[in-house]
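One structure follows; several queries about it will come next.
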Amino acid sequence: MTLLDSPVDDAVPTITDMSVFEQHESEVRSYCRNWPTVFEQARGSWLTDVHGDRYLDFFAGAGALNYGHNNPVLKQALLEYLVDDGIVHGLDMATVAKARFIETFRDNVLQPRGLDHKIQFPGPTGTNAVESALKLARKVTGRESVIGFTNAFHGMTLGSLSVTGNSMKRAGAGIPLVHATPMPFDNYLGGVVEDFTWFERVLDDSGSGLNLPAAVIVETVQGEGGVNVARPEWLRGLADLCRRHDMLLIVDDVQMGCGRTGEFFSFEEAGIVPDIITLSKSIGGYGLPLALTLIRPDLDVWTPGEHNGTFRGNNPAFVTATRALEHYWADDTFSRDIHIKGRQIEEVLTALAGRHQGLSTRGRGMVRGLVFDDATHAGKVCTRAFESGLLAETSGPSDEVVKLLPPLTISTEDLDRGLGILVDATEEVLA
Amino acid sequence: MTLLDSPVDDAVPTITDMSVFEQHESEVRSYCRNWPTVFEQARGSWLTDVHGDRYLDFFAGAGALNYGHNNPVLKQALLEYLVDDGIVHGLDMATVAKARFIETFRDNVLQPRGLDHKIQFPGPTGTNAVESALKLARKVTGRESVIGFTNAFHGMTLGSLSVTGNSMKRAGAGIPLVHATPMPFDNYLGGVVEDFTWFERVLDDSGSGLNLPAAVIVETVQGEGGVNVARPEWLRGLADLCRRHDMLLIVDDVQMGCGRTGEFFSFEEAGIVPDIITLSKSIGGYGLPLALTLIRPDLDVWTPGEHNGTFRGNNPAFVTATRALEHYWADDTFSRDIHIKGRQIEEVLTALAGRHQGLSTRGRGMVRGLVFDDATHAGKVCTRAFESGLLAETSGPSDEVVKLLPPLTISTEDLDRGLGILVDATEEVLA
Amino acid sequence: MTLLDSPVDDAVPTITDMSVFEQHESEVRSYCRNWPTVFEQARGSWLTDVHGDRYLDFFAGAGALNYGHNNPVLKQALLEYLVDDGIVHGLDMATVAKARFIETFRDNVLQPRGLDHKIQFPGPTGTNAVESALKLARKVTGRESVIGFTNAFHGMTLGSLSVTGNSMKRAGAGIPLVHATPMPFDNYLGGVVEDFTWFERVLDDSGSGLNLPAAVIVETVQGEGGVNVARPEWLRGLADLCRRHDMLLIVDDVQMGCGRTGEFFSFEEAGIVPDIITLSKSIGGYGLPLALTLIRPDLDVWTPGEHNGTFRGNNPAFVTATRALEHYWADDTFSRDIHIKGRQIEEVLTALAGRHQGLSTRGRGMVRGLVFDDATHAGKVCTRAFESGLLAETSGPSDEVVKLLPPLTISTEDLDRGLGILVDATEEVLA
Amino acid sequence: MTLLDSPVDDAVPTITDMSVFEQHESEVRSYCRNWPTVFEQARGSWLTDVHGDRYLDFFAGAGALNYGHNNPVLKQALLEYLVDDGIVHGLDMATVAKARFIETFRDNVLQPRGLDHKIQFPGPTGTNAVESALKLARKVTGRESVIGFTNAFHGMTLGSLSVTGNSMKRAGAGIPLVHATPMPFDNYLGGVVEDFTWFERVLDDSGSGLNLPAAVIVETVQGEGGVNVARPEWLRGLADLCRRHDMLLIVDDVQMGCGRTGEFFSFEEAGIVPDIITLSKSIGGYGLPLALTLIRPDLDVWTPGEHNGTFRGNNPAFVTATRALEHYWADDTFSRDIHIKGRQIEEVLTALAGRHQGLSTRGRGMVRGLVFDDATHAGKVCTRAFESGLLAETSGPSDEVVKLLPPLTISTEDLDRGLGILVDATEEVLA
C-alpha cells in the first residue's frame, strides 16, 4: 500500500465555507458558531483551516488533546497498528492492544501511586464513565441519591446530567432531574461559610430531609463551571466526610486527569484516594474516544455484562493511549514540565489581572481561567483572540471566564505567543 | 515516515493468556469470557488470535463491522488522512472531513430516499444518539413519558436504559427506571391478540392511567432481544398510531441500519418515515465510534450546545464513514447482494430447523436467529462453534437464540463455511 | 343541657342561593355545580334543601352513606357519646370507643370470615388508607413499582393518584406520576383477549421492561371508572397471579366495601383473601371520616409512628361504626336484603336497556350503572333526574355511565320511586 | 329522643387494659405506647381514663384541640345540629352549614386581616391540604420542584412526605422521595451563616444544579421538628426571596394556625401574605376532621373536580368551626389571652432553664419547647409527667424537646398546675 500518492479526493469540490453545516447540521451545533471557519489539518499546538490560516490552540479539544494534535510519537504507533491490521473494533473481547494498555496503565499509573483499582471500559466517552460510576455506587450502597456540586459538569446523558449544574443543559432533559442534590463547591459562598458547614449539618441531622447519598461526585477543578479550583484541604475534608458518612467518593477526572493539573491524576496533590475515578478525554492520547472507570477492588460488584456498550473496545485508542503512557508517564519529567509551564501562564495572567479592575485569575497546572466581573468581556476577548489566530473558549455559568487549556506539550515559545495574543485581546476589550 | 520497519514493541513480552484481564479488568467484562482467547489481528471476516488460530466472524462487532474488519477500501482513506495530519479530534468544529461526510450522507443516503432530516452528532455511541433523541422528543412535545417495547435494547445510560427491557441490565441502574412504559412488540402475544389492541385502547381511553407519551422508540428488528422481526404492516400500523395520537416515532437503527437488513435503513421496506432516527455502530464504517441522530427539520428545536459531548467530532470516523457511503451506497448493488446472502442464510437455517423439533429461525436480510425451545442449547451451540473457529453470540431474554450478524461483505464461500460450522454444532448439540 | 330550644342562629340571615360558594370557594368545587341548590337537612334516603324541596338520594355520599343519612340507630349512639363527653379526638391513644370498635370489627367482620388481619388507622380518608397500603407493600417487598388498572380510582394524594387512571386528575399532580403501571381491568379489551394474557406475559419475561411490582391494587367494581365489574374468576385469576409472582394483592374496598355489593367485603364472592384491604367511606357509618388498612399479620412490619396523622382517632366515627357493625352485620339479614334490592334495580335497568339501542347496564348488588353509547346522554339523564328530585351522578372516563349508589337501607318503595324517576328521565333523553 | 337514660352498653364488658390494641392493632400505633392507659372521657383540659384517673392535657391532640376537649360552646351547636338532622356528609355539595362556615371565615378571619384568598376544602386532614397546595403550585408555575426546610413536617402521603424532613418517616415511603430539596430553616446553622446565604446563592446561579422551584413550603414554628421558631425578619426575608425569584410561598399553618402562636394565623406577626395557606387540626374546633387550603384568588386555576375527596364536606365540623370562629375570633380578646398565658409559660420555663445546664427553652405564644442537650432526658421527663397526670410529648429529630401544646382555653390555674408537674419532673430527671 502506498500511502502518499493516492489523492482519492482530487475530484471532490473544495469546502470553503460553513454552508453545508448551516444547511444540514442540527441547530445544536455550537463551537463552529464561535469559530466560523473550516479546519483541515492540525499538528501539535496548531490547526490550519481551508484558507491556510493557522490557529494556535489554547482549547485542545476541551482537554482531549493534552499531547497536542497528531502527536508524532503516538501517530507512529497508530499507523503501524492500522497498517498491520491490528484489531480495530473489539467490544470487550481480549486483544493484544487492550492487554498492553492494561499492563502499561498498571505499571506507569496505578502501581507508582499505590493504587490497585480495577479497570472498567464503560464505553468511549466521559459520560459513559460517569454513568457507570453512578450505577455502581448505587448498586454497592443500595441508595439512590447522589451529591453533586454547584457548577459541576459531568455529561449529557440522563444520569450524568442529573449531577450537572448548568440550567440550560439540565432543561434539555425534558424530565425532572432528580436523585441528585447539589452542595456548595469549595469557596462557593465566598469564604464566609466554613467548608462543609451545610453539607455536614444535613448529613448529621436525621430530620434534615436529605436522602442519604450513595456517593459524592466531584471535579477537583471545575473546567466548564468556570475553572473553580478546590483547595487540597477542602478535598481532604470531603474525603473525610465521605468516609465518616459512608458515602463513596467519585472523582470525575475526565477533564482534569492525564496531567492537566501537573500530576497524572488531579487529586494526587491532595493526597486522597477516591473510591471510583472516571477518566476520558486525553486518556486515548490522540483524541480518539476512550474512557475508563477505575474501581476500588472491593467495590467491583458488577455482574458480567451488567453495563456494556459497542465501542468499549476502541483498540486504536488503546494503542495511542499505551504509547502516551510509555512516553510521557514513565517518570516525572513531564509532570515537572507541566508545572513550569503552568507557572508561566499564572505569572502572565496574574500580572494582567493586576493591571485591571474587575479581572482576576485562577487555576492549577495548565488549566487557567481569566475571570471578568463583566461577563460580556470574556466572550469579546475570545472573539478577538480568534481573529488574531488563537482558540480559547469561555466557561462559567455566565460565560464570564476565559478558560485556557493549551496542550501540555506546547513549546514555551508558542505558549508565550498565545499568552501575548490573549493579553492584547484583553487589553483591547478592557480599554 | 516509514511505517513498516519500526517494531516499537520488540522488547514487549508477548500476551498469551487471559491473566491480565482476569487480574485487572472489572468483573463487568463479558465477551472475553465466552471467547477466552487474545485476538491480535483481523481482516474482512476473519480474526487471528495470538496463537495464530483464525476465527470466522459471524458477530461483526455486534453489528459495528458491517463492512468487515479493516476493510481495505476504508483503510486506505483512513491511513491517508492520518498520515496527512487531518484533524483527528474536532468536537463540533467545522472540518473538511465532517463537511464531506455530511455532503456524502446527504447525497447517497438522505436525498435518494426523499429524506431531509437534519443531522445531529450527539456523541460517538448509540446510547448518545438515543439519549439525544429522547431529550429532543420530550422538548418538542413537552411530555415526559416514552413508550418502549418488550425486549427492546437501546443502551446503558439512564435515559436509554429506561426504554430497555432486559431486567438484569435495568437493575444495574440502581434507581427506579420510570418515565417509560413497555408495549408489546410485534407478535409478542403469539398472534392471539391483534396488533395494537392494548396500546391503542389505553391511548384512546382518558381513564387508562397511561401518561400521554412524547414518543415511541422502536427497533425494526430486535437484535439483543432475540432477532424479533417486526412485520412491515406492523411498522406501518405503529407509524399510523403515532400520527393519530401525536407521538413522535423514533426508529433506533443503531444495529439494524447501514444495510444490515438489506436497505440502508431498516425501515425502508415498510415505507415509513420516522420523525427521529438513530444510527451508530456501522455508520463509521471501520468500527470507529460514531453516531448520528437524524431529525425531521421542523423538530430541530435544539438550543446551541444544549446537548454536547467531547467526542462528537471523531474525524477519522467521518473519513471511513464517507468512504463507505461512497463505495457501498452510491447505487443498489450492495443492497441486492445483501438480500442474496440473506436468502442463502435463510435457506440453510430453514432446512436445519426443518430437521429438528424445538428449533426455528427468523430474521431479515443478514440478521438471522436460530431459536431453540430449550434455551440452554443456544449457548452450547455457540461454544461448539467457537471451538470450531466461528464467532457467534446468543441473544434473547433467556439467551435462547443464536444470533448471526456476519459482515455484509462476507464472501459466499466464507458464509457457506460459517453456516456449515453452525449446522454441525447444532446437529451435535441436538443429537 | 336542653337541646331543642336554643335556636342559636335565629339572627343569621338565611342562605338561599349559591352566591357565597361562587364568590369564596375555589374553582375546584364540583358536585355543587351539578346540583345547584343549598341542602339543609337529611334523613334516610332523603335530603331537603333550603327551599323545602326534597331529593331522593341515589348517590349516598359517593358510597359513604350506605346506612342512609342520619340513621337513627347510629344517631342515638352518637348523641349519647357526645353528650356524655366521650373522647372526641384521640390520635392513636387508646380509648374505650376505639377498643369497642376493634372488638366489634373483629367479632362481626373478621372472625366470621376467617380473617386475622391487623387493623391500621391510617388517617380518616380513603386516600390515607391507600397511601399506607402502598407504603407498606413497598416496605415489605423492597420494590417500588405498583400495578394499577385501567380506569381505577384510588385517591388524590400523590401516591394514590399515581395508581388512578383519570387523565384530568393525574394532570393535577404537576409532576410525572411514575412508579405505577396500568394493566387491563377485566373485560377491558372487550373479551377478545384472554384474561392476564398481557400482564402474565410481561411478568414471565425477564426482558419485558416491566419493573417487578411490589403489589397489585384493584377495586372489585370500579365505581368512578364506570361501574366496571370484575368477574369472580378474574379476581381469582388475579389472586393466583399475585401469589405465583410474589406480588402483594391490595383490594381497595373503600367504595365497594361495607356491603355495597351484598357481602361486607366485595371480594368475598370471589373467595379470595387479599394481603391488604383498604376501607373507608361507609365504615364510619354516619358519614363521619374514618378509614382502615387491614394487613395480613405477617406483613405488619411498620415501625411505631412510621405512618401517622392527626385525625386517625376520630372517636365519634368509632362509635357510629361500632353501632353499624352491631346492628347490620351481626348476621346475614342485611346482606340478603341488599341482594334482593340489587336484583330489583337490575330488573328495572335491564328492562330499560332492553327497550333502547345504545343502552346497557352492569353492576353488582346495589352499585349499578346505566351505560350510554352516546356519552352526552348520561349527563342529561342526571340533570333531568335532579329536576325531578333524584340525585345520581355520572362516572366513567367519558362520564358515559349513570351510576346508582342508593343507601343500602333504602325502602323498596323509595327504590321504586327513584328508579321510576330514572327510567322516565332516560326515556325522555332518548326519546 | 331522651339522650341521658339509654345506657346502651350496660352489657358490654368493660375495657380495662391495652390487650385489644396489642392483639389487633397494627404495630404502627404510637401514642398509646407512651401513654399506656385507656381514655374514656374528656372535658376542657382534662381527660379521664377507665380507672377514673384524670390527666391534664398539654398535648391537645397535637394542636387539634386548641379550644379544649368537648368545649361546651361548640358542643351545644354540634348537638343541636345533629339532633336537628342537619346534613352530616356532603362531599362538596352546597349546604347551609358550609355556607355559614364560609361566611364566618370570611367575616371573622379573612376580611379583618385584609385577605381575599379563595377557600378550598381539600379533604379533612392536614396532608390533604398540603397535597392540594403543592399540586396547585406546580400547576400554576409549570415547575415540579418544591423547597422544604430542614426538620419540616407536612404529612404522611407521598407529596407531603417528600417535603418532610424526618428520615424514619421518609424511609416509610418505599420509593425515592424526590421533587423536593431541603433548605436550612432559620438558625439551622447556629447563626454562623447569614440567612438565605446558601438558598439565594443557588437561586441566583444558573449553574447551581438546583431545579427552579415552583414553591417554598414553610412552617413558621416547626412543631414536630422541635419547636423551632422562625424570626419575623427571617419570614419576611423568605417572602421577599420568593417574590424576587417567582416562587410561590406556602405557609403550612396546620399546627400553628388557629391561634396557637397568639394571632389566628401564625404568620401575622411577620406581616407577610402567603400565596397559599394550609389549615387543619383546630380549624374544626371540636377535634373533628377538617382542612382548608387558602389560595390567592389569581392562583385559583383548578379545573372543577381536579382535586376531590369523599370527606371534604364534614358538616358537623363546619358547625363547630363556625361556632369557634364566632365565639373566639370576633375580636382580639382571645388573642390577647393567649399571649398572656404564653408569657406565663415562658417565664416558668425560662426560670427552669436558668437553673440547669444543658437546658433551654424556645417557642411562641402557647407552643413552647423545653430543650435538653441530653436527648434522653426529654423522654424521661414526659414519662414522669405522665405518671404525675400530665400529658406532654417530645419532638425534634432526636426527641430532645418536650413540646407543650396546652389548650388555648386552659385556665391559668390548670396551666400553673401542669407547669408545676413539668418543673418537678424535670428537676427529678436532671437531679
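First chain written, first letter: the chains are A, B, C and D, and each begins at residue 1.
One rule holds for everything that comes next: a residue touches a chain if its C-beta (ideal position, glycine included) is under 8 Å from a C-beta of that chain, and two chains touch if they have at least 3 such contacts.
Just so we're on the same page, UniProt names per chain: A, B, C, D = Diaminobutyrate--2-oxoglutarate transaminase.
Small disclaimer: the values here were computed from a predicted structure and weren't measured.
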item: Intersection of contact partners for chain C and chain D; value: A, B
item: Which of B-D and A-B has more C-beta contact pairs; value: A-B
item: Chain A onto chain D, rotation angle from CA fit, given as a multiple of 5 degrees; value: 180
item: Inter-centroid spacing, chain C versus chain B (mean Cα positions, whole Å); value: 51
item: Approximate Å spacing (C-alpha centroids) for the pair chain A, chain B; value: 29
item: Distance from the mean Cα position of chain D to that of chain B, given in whole angstrom; value: 59
item: In chain B, residues with contacts to at least two other chains; value: 144, 168, 175-176, 179
item: Of chain A, residues touching chain B in the complex; value: 1, 3-4, 6, 8-9, 12, 15, 18, 20-21, 24-33, 35-43, 47, 50, 61-65, 69-70, 75-80, 82-96, 98-100, 102-103, 106, 118-121, 123-128, 131-132, 134-139, 144, 155-160, 162, 168-169, 171-176, 179, 214, 254, 280-281, 286-289, 293, 295, 300-311, 314, 316, 323
item: Chain A residues touching chain C - in the complex, by the definition given at the top; value: 175-176
item: Chain D - residues contacting chain A, complex; value: 144-145, 148-152, 163-168, 170, 176-182, 184, 188-189, 192-194, 197-198, 201-202, 205-212, 225-226, 396-398
